[in-house]
Amino acid sequence: MDFSTITTAIDNLLRTYMPEQAVILAECLLIALCLVLAYVLFAIVMIFMERKVCAAFQCRVGPMRVGYWGLLQVFADVFKMLIKEIISIKRSDHILYSLAPYIVVMSSVLTFSCLPFARGLQALDFNIGVFFLMAASSFGVLGILLAGWSSNNKFSMIGAMRSGGQMISYELSVGLCMLTMVVLGGTMQISAIVESQLDGWFIFKGHIPACIAFVIYLIAGNAETNRAPFDLPEAESELTAGYHTEYSGMHFGFFYVAEFMNVFIVSAIASTLFLGGWAPLYIPGLNAVNAVMGYIPGIVWMLGKTFFVIWLLMWIRWTFPRLRIDQVLVLEWQYLVPIGLVNLLLMTICVVMGWTF
Amino acid sequence: MDITFIDKKDVRTTLRKMREGGMDFLRELIGMDWGEEGLGVIYILENSCTHEVAHLAVRTTERQRPALPTVCDMWKIAELYEREVYDFYGIHFTGHPDMRRLFLRNDWEGFPLRKDYDASEAINPIRLTSEPPEDLQRSYEIEEDKEFAAIAKRENFMHFDEYVINIGPQHPATHGVLRFRLALAGEEIRKIDIHCGYIHRGIEKLCESKTYPQLLAFTDRLDYLSAHQNRHALCMCIEKAMGLEITPRAQYIRTIMDELQRIDSHLLMLSCAAMDLGALTAFIYGFRDREKVLDIFEEVTGGRLIQNYNIIGGVQADITAGWEVKVKDYCTYQLDKIKEFEDLFVKSIITKNRMTGVGVLTREEAISYGATGCTGRAAGWACDVRKRHPYALYGEVDFKEVLHTHGDSYDRVLMRIDEIKQAVHIIRQLIDNIPAGEYKQKTKPIIKLPEGRFSASVEGSRGEFGVFIESHGDKNPYRVKFRPMGLPLIASMHKILKGCKIADLITIGATLDYVIPDIDR
Amino acid sequence: MEMKKPYIKSIPYEEFKDNETLEALIKELNKERTNVVVGALDDLINWGRSNSLWSLTFATSCCGIEFMSVGAARYDFARFGFEVTRNSPRQADLIMVAGTITHKMAPVLKRLYDQMAEPKYVVAVGGCAISGGPFKGSYHVVNGVDKILPVDVYIPGCPPRPEAILYGMMQLQRKVKVEKFFGDKNRHQNPRDVRREPIIVTNAPIDGCEKTDK
Amino acid sequence: MNNTYVGTVFGAIHSLLTGLKVTMKEFFTPKVTEQYPENRSTLHISERHRAQLYMPTDEEGNNRCIACGLCQAACPNGTISITTTTVTDSETGKSRKVLAEYHYDLGSCTFCQLCVNACPKEAIKFNNKFENAVFDRNKLMLKLNK
């Protein structure tokens, strides 16, 4: 099913009633509204999933008492956080202090808007999509640095500095892995990347180098989102709450939500680049199976794959202890970057020699 | 226990001679207020190889500004012990580099463990203002031709241009309410200043006004993870003084309980170490297994954490029917689960990297700091009280005193796992052979100890726990002193933290495994 | 007017302890009639608040270990939605005073409480926090945190077992459920519209300043 | 092998996979959580657990306390205080002390059992009713005799 038919229909409908400029304005607002709603919805699902999955790994049951099977738990948290007092701090940089959480959220919403949920169901899609995605996701670190700097708190400061060092380093590995897949796909346009996976996902097409890139991407993506075992910027046992120590109420809520959504985004990108996005499973030769797979809508494929990757990340998160800052950097610069570079070379050779499926 | 009194002038020469003669472990340094006879200090020394013990004491009649020579250059641990004595008794140790209070606030009036201390609220009310920052280290010397202490040197500890942060007192990784002040250079620790006393409850002073049975409740709350062992030590000390022999059945139950408590404590230590390193799942697994021990405790003693089980002359209640089976089942279960824990956390490459070579304490340093328990044994010092001075049934059962050699954080974690296995081994030897008989001896309703000084020590979960009682023949003790297991561990942090990173502070703190209420008392 | 009784799953209202104090509180808060919309909004907010009580990890001694047990697998306070324990007082909703509070700790506790954002609650766990417990007569122990902070729920025990702590948390939920968000009827500890002191991570060292020795 | 670059990478991956295996196994095992308060009716709490002091009474509601005051003396922190009245026995003419009020502060009790041990008549006992949390400090000051 192609969602562009629906969007075109809406567009045509609006155009019959409104002038050109108003249509663009209305559509922008409509899209923004949809994006924000989807963003919030996924955040709530993510938080609930995290709590339940974490509980399952820890032989607990997780939220149970608020709503059936604890389903309403996150809504309760949201209501509470909305009316929680927002504290402002003396001798802090007030503008930056209030701005920081919005920057973090903005960065993650912007990245979110690049995600292809189904054919035609993508807000931003242009020829350098992957490049834009990386650029948008990397200015989130700015928000974290600002939060740490403006809070007038030494723990926040250390947390922010750690986060700066870590996120900027791992940006490199994420970039290399994406580049590897761009080499395989031959395009930077996200929709085109997905289209070219209709006859086989990249992880199968690119076999060994793609698998290596996938693993490196998962590790680096985890580090990008500041989650265990790379949660040093907010290392609970070391820096109390890291860069958001001073934030309360919804300001803290923004950091909290952005953290979860970044995980969603990282997973969604992983499923787009490696696991075929909304492309159904395609096995050459088995036409009957392929036909059945083709009946499942693309959005189900996309979300299914994304949540599978999220679950993988959660599995990792709830298993390992945290690394130390120097080890984090050693892992990146001595292992991931060299391996990533060699892998990129390998992929290029494979593509040039035609050793892909 | 016989004490040799030495003259104030000879303290340093006598002690130095003993130190050179092999008495390298300063077990305790006890401040005393003998009223008319003056203030003083009792030293309990031990030879770390032959386990020979010596008791020495020194006193001064000066009360206004009493001064005694320091021994902190001979035994490193004396530095904190002497600060403690200064805090409680106001004895200035001449030559000590840093005579600040250790437990109480800087602006505290008076010295609480002196017999003439006035505890009225008017003098020391509950202050809700922050403690005035005290950065000045003072060193004292004897004034010429006088007996008084006078300031010789002042030095600022932290300087204005340093990046100083506080860790604690309310901080998730300090395992309670310890406070570190750190001077940092980036992530690296340059200077460390440890503040104790946030949970100083004045137990030793309280003890002086209680009867002997009433003392028992306090030991449980010192190191609540060695509740049984602590209470065992106190009961042993009182029983020794009374000349009371407890029944074999009670001995068996006590020994089994001590070992179960050790498993409980080590499990908690392992899980908390995992939590501090960010492995929350391992923490939960450890706690899941620990609940089984608590169930076993609760069934017999009625308490999970604080059991109130040992009493003077035996134990509070007999074991219940079928309890042995539960204990045996648990032993099998635990050996299985500890393997899972090892797979998940201990053998993980991340844990290894975080811990290996971090916080190294050598054998000599461990002895000098008096860091007993798993910390000492991880450094290769055979310091197990159960082997050194066997008590209860430890002389009869077969178990190995596990030793490691590196003395780093990783060895300290491995020590815990080995000790859990040894504890299971001990329990399995005893559990089937609990002899029939009385579980407690009848005691008089009012217990009075004969005049004298008594001491007993046990191997607690994190080191040697000692009890010292001076009795003047009343139903209340004249002075009770508990040897904290954690204070030496804290003291050794001064040494091992320098040059580490903040994250290492957490690792070291977790693996040293101190319990703050035990340090602060 | 029929009194609105807070409902807690699995325990009937009548079986709860100390309903008298709660009913007195409800009467006090409901002196003026409120309109239906505001009442419904209040219910919604209270439902949110009471089911999302994030506690500050604050423990000084034994009770703290039992509090950790509550968080672990067997008792699992995640079931109630309490599992998000925050280490920063800014993000916490309640402070569980678990353990003895000494003279040296008292100002720290008070400062922590002041740093918390509204609405905030205090639970005194165990004998020490309620009354000084075993250390009542000591020179260095505060005999009950209610001397420093307004306590909402007292959980007796030494230490209270994990179920007792959960029961105390449910009591707190009941108290939260009867509160009024609109109309400014609730007590406010925090001063309004005032910028707050940062969480001081350290006092800067003071050079050359010297106290004279007594 | 173990010290080479590749060896380190594979050694690390092996140890991490072992860890992942453990958590994966746990993901599918039944959970150990006991759901209090849903399980209130089936909850097992050790008979010996001490949660509250009480005075057992016989069918007529009489307790066995003889107001000797031993428990009060044994208590380490003044949790128990008893008041007595003197009554004169109508038959023998002797006067004896009887219990007027037995005050017990649940909020400061340390559950050390010294009072129970001291009691010559077994008039006081601990029970395991742990649901004692209240809103008002005064509600913890209990009067044990009826």
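As written, the chains take the letters A, B, C and D, and residue 1 is the first residue of each chain.
Rule of thumb we're sticking to: a residue touches a chain if its C-beta (ideal position, glycine included) is under 8 Å from a C-beta of that chain, and two chains touch if they have at least 3 such contacts.
Since the model is a prediction, treat every value here as computed from it, not as a measurement.
Among the remaining chains, those touching chain A and also chain C are B, D. Centroid to centroid, with C-alpha atoms defining each point, chain B and chain C lie 32 Å apart. Annotation: 22 Å between the Cα-based centres of chain C and chain D. Inter-chain spacing, taken between the CA centroids of chain A and chain B, is 49 Å. Shared interface positions of chain B, i.e. residues touching 2 or more other chains, are given as 165, 171-172, 217, 281, 284-285, 288, 306, 344-345, 348, 350. Touching two or more other chains at once are residues 16, 19, 22-23, 26, 31-33, 35, 49, 76, 110-112 of chain D. Residue positions 55, 57-61, 64, 154-155, 236, 240, 318-320 of chain A each touch two or more of the other chains.
Taken as a contact graph, the chains are fully connected, with every chain touching every other chain. Chain B contributes residues 163, 165, 171-173, 187, 274-282, 284-285, 288, 344-345, 348, 350-351, 353-354, 501-506 to its touches with chain A in the complex. Note for the complex: chain C touches chain A at residues 9, 44-45, 47-52, 72-73, 76, 78-81, 83-84, 86-88, 90-91, 93, 117-119, 181, 190, 195-199, 201-202. Chain A meets chain B in the complex at residues 54, 57-60, 154-155, 158, 162, 228-229, 231-232, 235-240, 318-327.
Listed in rising order, the residues of chain C touching chain B in the complex are 57-62, 64-66, 68-69, 72-74, 87, 99-100, 102-108, 110-112, 134-135, 137-142, 147-148, 158-159, 161, 200-208, 210-211, 213.
The touching residues of chain D, counted against chain A in their complex, run 9, 16, 19-20, 22-24, 26-27, 29, 31-33, 35.
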